[in-house]
Each structure stands twice: as structure tokens, then as C-alpha cells.
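Residue numbering begins at 1 within each chain, and the chains themselves are lettered A, B, C and D in the order written.
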Amino acid sequence: MNLSPDPWVWLAALLTLCIYSFLYKDNPFYKAAEHLFVGLSAGYFLVIYWYNAVYPDMVVPLFKQGKLLCIIPGLLGLFFFFRFIPKVGWVSRWSIAFYIGVGAGMSIPATMQMRILEQMKGTMQPFFSLETWHVFVENPSLASFGALIGIPLMIVGVMCTLSYFFFSREHKGVLGGMSRIGIIFLMIGFGASFGYTVMARISLLIGRVQFLMSDWLGVID
Amino acid sequence: MSIVDRLKTIDRRIIFVAISLAVIIPLLFPIGLPIMVSPPAQGLYDAIEELKPGSKVLLSFDYDPSTMPEVYPMNLGVVRHCFSKNIKLVGMGLWPTGVLLGQEAFELLAEEYGKTYGEDYINLGFKAGGIVVISAMAENIPETFPEDYAGTSIEEFPIMKGVKNFDSFGLAVCFSAGDPGVREWVMIAHSRYGKKVGAGITAVMAPAYYPYLQAGQLVGLLGGMKGAAEYETLLKYKGTGSAGMDAQSIAHSLIIVFIIFGNVIYFIARRKERKKV
Amino acid sequence: MGQEWFSLDRLNVLIGVVVYTALLLYFIYQAKKGKELFVRKIAGLEAVDEAIGRATEMGKPILYIPGLSTISDVATLASLNILSKVAKKAAQYETRLIVPCTDPIVMPVCQEVVKAACLDGGRPDVYREEDIYYITYSQFGYVAAVDGIMVREKPATNFFLGMFWAESLILAETGASTGAIQIAGTDAISQLPFFITACDYTLIGEELYAASAYLSREPLSLGSLKGQDWTKLIIGGLVLTGVILSTFGLRFFANYFTTG
Amino acid sequence: MRRQLPLAICFVMGVSMVVQFFIPHRVSQEFYRTILDWYRIVFAFSLVLGTGTLIKVHWAKISKKSKGWQYSIITIGGLVFMLAVGFITGIQEGTLFMKIFEYVEVPLEATMFSLLAFYIASAAYRAFRARTVEATLLLIAAVVLMLGRIPFGYYLWHKIPGIAEWILTNPNMAAKRGIVIGVGLGMISTALKIILGIERSYIGGGK
């Protein structure tokens, strides 16, 4: 046992325990930590954005370099506060419209590129390859069999999963069959992601426990 | 209420206690379960083994405190490996918080291996811009980082003598927890400038980077705490990664037991209900 | 680089955008002319009415989380479309709707949406601005507070629709422990498994985007859904062509899809 | 002005962002960067607006002495304190502001994040039931992947890590690609409907 003499470490350790107490049930310690967390972090972001965005990107260019264009984001920002004046509250919609327009416009080509064309290209692979076939015939094993059927299975899987997302027709007949297979792929995929993520999540807990037992209590090194 | 019914709606807190114990006990009393080294981890190890003493490796610290349990042990492992082989290290970061963690790792191990700042290792600090920073470094490192993380001109450090661009380095290793990170390093340092790049990343990110490994764009890859533990095994050293792996194995096994147990209870309960009808 | 007025390596993206837009507009135009359009059942959305009804019966509020992303994320916009429909129903039933936000630009937009929905539902009097507020931009600070809302206000129904990250399971498990009906929907692939296991209904990927058409049954939105389906057929055809050509060692076709 | 102007702004901005994507010219890149800078500035203003609503909510609790009002004092106190410290000391390394960030916010954040370890276990126990064929597949895939990640799995059967890897790179990849393409189509069509003013609830709504 080698308790930390650092008051900051003690503070961090006690707050950690306050949050964990929520697992037992909601209680005053958790409530206090939660409210502190909200207040401090809300303040933190205001300060950070002042120093990292408003001051260097608006105040300095506008007042010290005379770049008048910087007044536009300032105005768009100020329009939000018109919400508090009922008669002209609708002015704030201009700012909202600006941002929704920018976001929507930006996403269209980027989505076409990343989510559609690139994925289509990734799927266009040889359905059958002599090379993996030879490997399998010469050395029939689970691994070579997996390599043989991997790609065709992936191609079929993409098609069937896509057919699950067919909305304008009832899922009967061929479409019904394909979308059933699609659901099977989806479920295996979800299970795999779930199982895969467990490790990362346990690591986070291990990290916290190591902090408590090593930095704070000093029972392990 | 029968036992089966009671188990079916078991208090979640019992599960919480079990998971805590599964993590705490192995940390207190390590079992030292054997760890299998995977080819990607071996790849990174071999890439460093191949380097001659005195050559330089570039380390990029692109993670933050929240992913520290996974990435920091890898960072320690690679620095330990390089120091033990008298390889010189130049650190930097695309994430502001990563630089401090990288510095922590440097200082901890420099003491152990008797290394001097500015001669055997240096930390160039954080630079915002992600991919732009890497491209700029490829052209001219002294111009991109005229000062080290503490604000001292890099001209004062012997380790930076003659360092112009990526040509001065035998390998770049990126410790990454998101973007910007490995993707950018591969895109610029490897694809455009042909540098060898290795990476240590969080477990969640790992599947996305296997294709890079297959295509030879990465020489090696450490994924999550398991990757860190594998590296420690290669170094014949027990660090926090290996210690954590015991806890990992037990917690994983426990969750699997929960799943099986939950299903057994479910089937027993279902059979009972059927009989009632 | 930096001087040309068109980037040729993005020509395929442009073609894609133009063809898809044309298809969508064609089917929207068809729908406008009054063509009957069918939509398949989406389980999660069938449950929306029931979930709002349950909250009303129990006299408890509804919690609506519009995701944790910004307004420029299309998933957030899709979520706001659904919020509009949920808010309208809730207003008609006079059920309290709580919408905590983590993005400060999403917050005023949510207020606009709910206000307009109350007006649309004929109940502008039930709009409560104080129930739609910003908490903090910190991811887990927000989650800590939402967990607090769930255990203290005990909403009967939780909606988690939009973009989510690691917090998805914390929210869904806390919600499950309070006994709420939970309807989730996201296009974040890595979080879908957690919603699927911990929530009662989950909208998977594109279903989130189809939701607004499904709930409103507006012909214009239904038309675009039909356009989406036709595009899927085209994509399927192109991919098959690419697969067949690649099988015979011809990669040129697949390479057309490389983008810069 | 109330309805038409926002719709027009949305349309103009949307179309110009699409066009911008295809123009590598310096002017266009400059435009893009400017818009992103503006975004950050407007975001900062909206943070003030948002924080205002946060204060309003908690202030109302305090003044009405509604249940748990004492905690609202902590929130407002923490907020004011952080602002004061931030603007007095600045945000350099080693200041009180950064100390609070490092020893209060970071641990709180990390601890909330680590709750996932508990919830992932309870979700597995509670919801991983082999009710249907689909649920069984999900369950089996999850267990195989979990076994594949730990040494124990290797000793159980040395092929498990390979099988886990195979599931991850083949069927899992197929499902992901299918979802991604579908989502992509949904995103573009939603974005388009917004730019064209077909979906308009957030800019005033109504017909």
C-alpha cells in the first residue's frame, strides 16, 4: 500500500468512485458528480472555442486586420439570439438555413464517392479464382476452403443485404428470399462487431481500475 | 417465484460485481496466461529488429487519455525496444494530448536505459493540420517543426543534425486512436514517399486496417491491449498490456459463461411454460 | 493542382450524382401526378404510435435523443424529420416531450421543429420550450446527464435516432433498466449491434432515412423512396457486371469506380 | 422573408457546396476553408446560446426549489468557475484550467466511458437469447469473435482465431457494405430533399 500524496489524484479517484456508484443505483454522489461534469464541461467548451475559434478567426481578422468578411459569421451567430425576441424570432432561421444547406450540400458528392462508388468497386472482385482453387485442391483445409468461398460469399452477402433495404415492394418471392439471406448476413455481422468490441470496452475498465489501484492506492505497480 | 424465474430476471448488479472482480483480481494476482504472438505484431517487431543501431525512428503520438489503457502500453513497448537497440527516436503528435503521453513514455524509459534528451530522443510536439503536417514534413522537417515541444530551437539538439525529411528515418510508427492518424500516415508517408510505416491502434479500429496490412502498406500492426501484450511477449517483458490480458481473458470468459447460462435458463423456463399449456 | 476548374478524377462522382438526382426527381414528379406508391412494413416505425400511446396512458414523458452529431450530419437531419412526426403525435395526445441536445446548433433547430409540429397538430399551446435544451458538448458529460434524466424522470418511451458513438449502449442499457420502450435508429454501423441487443425496435441504416416517408406517407417522400430502390437495382446490375468482368481478369470496369 | 428566404439560402448554399466539390481551383478551395472557419465561429455563438438554455433550466430549478435543486447549484457553480478560471489563467499547459481538465474532466469522461464494460456484460446476459434463428446466429458470431480475441480461445481449438478473422473479413464485411450503400442512397436523397425544400420542418415548417 502506497497511497498517493497528490490531492489532484485523490480528487480524480473520488470522482471516479462517484460515477461507479451509479451502477448500484442513482444516488447523491452520482448526482453531484454528474452535475459537476455538466457544468465544468459546458464551461470548458466555451473557453476553448473562444481561444481557438472566435478570437483567432473572427476578433483578430475583423478588428486587427480589417477583414470585413468576418462579420458574416458574427452576424449569423448573433441571429440565433433573435429567438429571444418573439417578433423577429424567425430571423434565426436564416442562420439555420445556412448551416443545413452547407451540410446537406457538402454531403451529397462526398457520400456518392465514399459510400457508393468506392464500396461498389470493393465488391467487384473475381467471383471465382483459379489460384485459391488450386491452393484448396492441393491442400484441402478449413483455411483454404475459407479463402475459396470468402469472396463469393461476400459478393452474395452485399447483394442480399442491399435487397433487405428495398422499400417499395413487398418482400415476397425472389426478393423475399434474398432479403431473408440479407438478414442472416446482417445478424452475423452485428454479432461479430459486438464480440469484437468487448475487448476494447474491457480495456477501458482495466485502465480505470489500474488508475485506482496503482496511481491512487498504490497496491500494484 | 421459482429459482428459474429468479435467475431469468437476475439483478444486473450481480453481473456488475462479477465483472469488477474478474478485472480486479487478475490485476492484483497476475496469472500470466501465455500469449500467442500474431503475424502483424511480429511484423512490427521484425521491422525494428532489422534496423541498425544509431538509425532513427519517427514516432507519432495520435491518441488521448481516454484510449490510454490500450495505446500507451504499445507506445512503451516500441520505445523500450528501440532504446534497448540504441535506436534514436524522434517523437511528435497530430493530437495535442498525445504529445504529453508520448513524452511521459520517453521520460520513464530514458531513465531506465540511461538515454539523454536531444541526443537519443526528442519530442517535436503537436502540430494541427493532420495530413498537411505529414506532407510538410515529407518536404522539410526543420521548417515544419522549428522548435521542440518545450519551445527550444531544434538546432540545439545533436539528434536533429542532418535531419531533412523522411529519408533520415528507417521507419515511422503511428500510435493512433482515430483521425488524423494511421490512415494519413499510410497515405502520405508510405504511398507517396515509400516510407515503411507501422502502427499501434485501438481494438475497435483494427479490423478497418487489416486491408492495409494485406496490401503491404503497413509493416506491422498492434491492435488493442492484445497487440500491446503480444509486443511485450516479444520483448520478453511483462508490462501493463500483459497484466491487462489476464483480466481480459477472464472477463471475456465470464461474459461467455453469462451468455451460455442465460440461454440455459431461458430454455428451461420455456420448457416449463410449454408444459403448463 | 489549384488552377484547373474541374477535377477530372471526380467525373464518375459527378455522373453518379447527376444520374441519381435525375432518377429521384423523376419519381418525385410521378408521385406528384398522383401515382399510388407502396412501402413495405418497417417494424420499428409501426411501434411509434404504440410507444407514444403508452407514454400517454402512463402519464409519463417521452425522451427523444436526436443523436450526438452536428446539424451538418445528414443522420441528424433524418432524425429531425422523425422528431417532427413524433412531436405532432405527442402534442395531439398532450404528452410531454423532452429533447436534450449535445450540439448547440441542433438545439434551436429542434425547438423550431417541435414548435412547428405542435402548430401543425393544432396544439400550439402544449409547446414547452424549456424541455428542449442544450446540456454540454462533452460526449460523456451529456451521457451522464441523460442517464440522470432516465432514472429520475422515468420516461415511458425513449427514442434514440440519429448518429451515435460509443455511448449507444450506455444509453440503451440505462433505458432498459428503467423499463422504457426503446426505439433506436442509426446509420452508425459500429453501434447498430448494441441498439439491436438492448432496444425493443431498431431502424437499421437506410430505414432511418426511409422513416420520414413511411410516417408521413407524403407522396413526394414516397416517390424519392422509389427512386432509391431503382438506384439499388442499377447498382446491383453494375456490381454484377464488374464481378463477371473481374472474374475473367478484366479490371478496367471496376477501375472506372476509382475516385480522386 | 419568413419562409422563402430561408429556403433560398438553403438552396444556394447546398448547390454551391456540391459544385465546390468538383472544382479544384484555388478560389474554390479558399471558399471551402472560409465556410469551415465560419462554421466554427457560428458554432461558438451557438454554444453561448446553448449554455444560456442550460443556465435557464437550472436557474428555474433553483428559484422554484424543485426536487434536487441543490445539484443545479453545482452545475451553475462549476460552469461559472470554469469560465472564470479559463479567462483569467488562459489555457496553456500547467494552468489551473488545464489541471481541472486533466484531473476532473478526463477521469469523469474515462469513467463514464468505462461503464460500457459493465453494460456490455449485462446486455449479453439479458438479450443474447437464442429465440430465433437470426438471434442464434448473432449469438454464435459474437461468442466466436470473443473467443478469437483471447488466448483461451486458441487453446480450446487452435483454429478459432482464424475463424473469427474470417467472419470479420467476409460475412461481416458483406453486411457492412450493404448497409453503407443503402445509407449512402438515403443520405443523398434526404440531403437533396432538404436543398430542394421538400423537407422543410426545421426552417419554419408548414406548407
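Rule of thumb we're sticking to: a contact is a pair of C-beta atoms (placed from the backbone, for glycine too) under 8 Å apart; a residue touches a chain by one contact, two chains touch by 3 or more.
Just so you know, these numbers come straight off a predicted model, no measurement behind them.
Counting C-beta pairs in contact across A-D and across A-C gives the higher total for A-D.
With chains reduced to the mean position of their C-alpha atoms, the one farthest from chain C is B. A separation of 5 Å divides the Cα centre of chain A from that of chain D.
Distance from the chain B centre to the chain C centre is 34 Å, each centre being the mean of its Cα atoms. The distance from the centre of chain A to the centre of chain C, with each centre set as the mean of the Cα atoms, comes to 15 Å. Centres computed as Cα averages put chain B at a distance of 24 Å from chain D. For chain B, the set of residues that touch two or more other chains comprises 12, 16, 19-20, 23, 66, 203-204, 207, 226, 248, 251-252, 255. Shared interface positions of chain D, defined as residues touching 2 or more other chains, are 18, 21-22, 39, 42-43, 46-47, 49-51, 54, 68, 102, 105-106, 108-110, 112-113, 115-118, 120, 122, 124, 126, 128, 138-139, 142-143, 146, 149-150, 168-169, 172, 176, 179-183, 185, 187-188, 190-192, 194, 202-204. Contact of a single residue of chain A with at least two other chains is seen at positions 19, 22-23, 31, 33-34, 37-38, 40-42, 44-45, 80, 83, 93, 96, 99-100, 102-104, 106-109, 111-112, 116, 120, 123, 155, 158-159, 162, 165, 186, 190-191, 193-194, 196-199, 202, 204-205, 207-208.
Remark: chain D residues 1-2, 5-7, 9-18, 21-22, 34-35, 37-51, 54, 68, 71-72, 74-83, 86-87, 90-91, 97, 99-108, 110-118, 120, 133-135, 137-146, 148-150, 159, 162-164, 166-185, 187-188, 190-192, 194-195, 202-204 touch chain A in the complex. The part of chain A that touches chain B in the complex is made up of residues 23-24, 196-200, 202-210, 213, 219-220. Residue ranges of chain A in contact with chain D, taken from their complex: 8-9, 11-13, 15-16, 19-20, 22-23, 31-54, 57-58, 69-70, 72-74, 76-78, 80-81, 83, 90, 93-112, 114-116, 119-120, 122-123, 142-143, 146, 150-151, 153-162, 164-165, 182-199, 201-202, 204-205, 207-208, 211. Across the complex, chain D meets chain C through its residues 18, 21-26, 29, 39, 42-43, 46-47, 49-51, 53-54, 56-57, 60, 68, 105, 108-109, 112-113, 115-116, 119-120, 122-124, 126-128, 138, 176, 179-183, 185-194, 198-199, 201-206.
Partner chain C is touched in their complex by these residues of chain A: 19, 22, 25-26, 30-31, 33-34, 37-38, 40-42, 44-45, 80, 83, 92-93, 96, 99-100, 102-104, 106-109, 111-113, 116-118, 120-121, 123-129, 155, 158-159, 162-163, 165-171, 186, 190-191, 193-194, 197.
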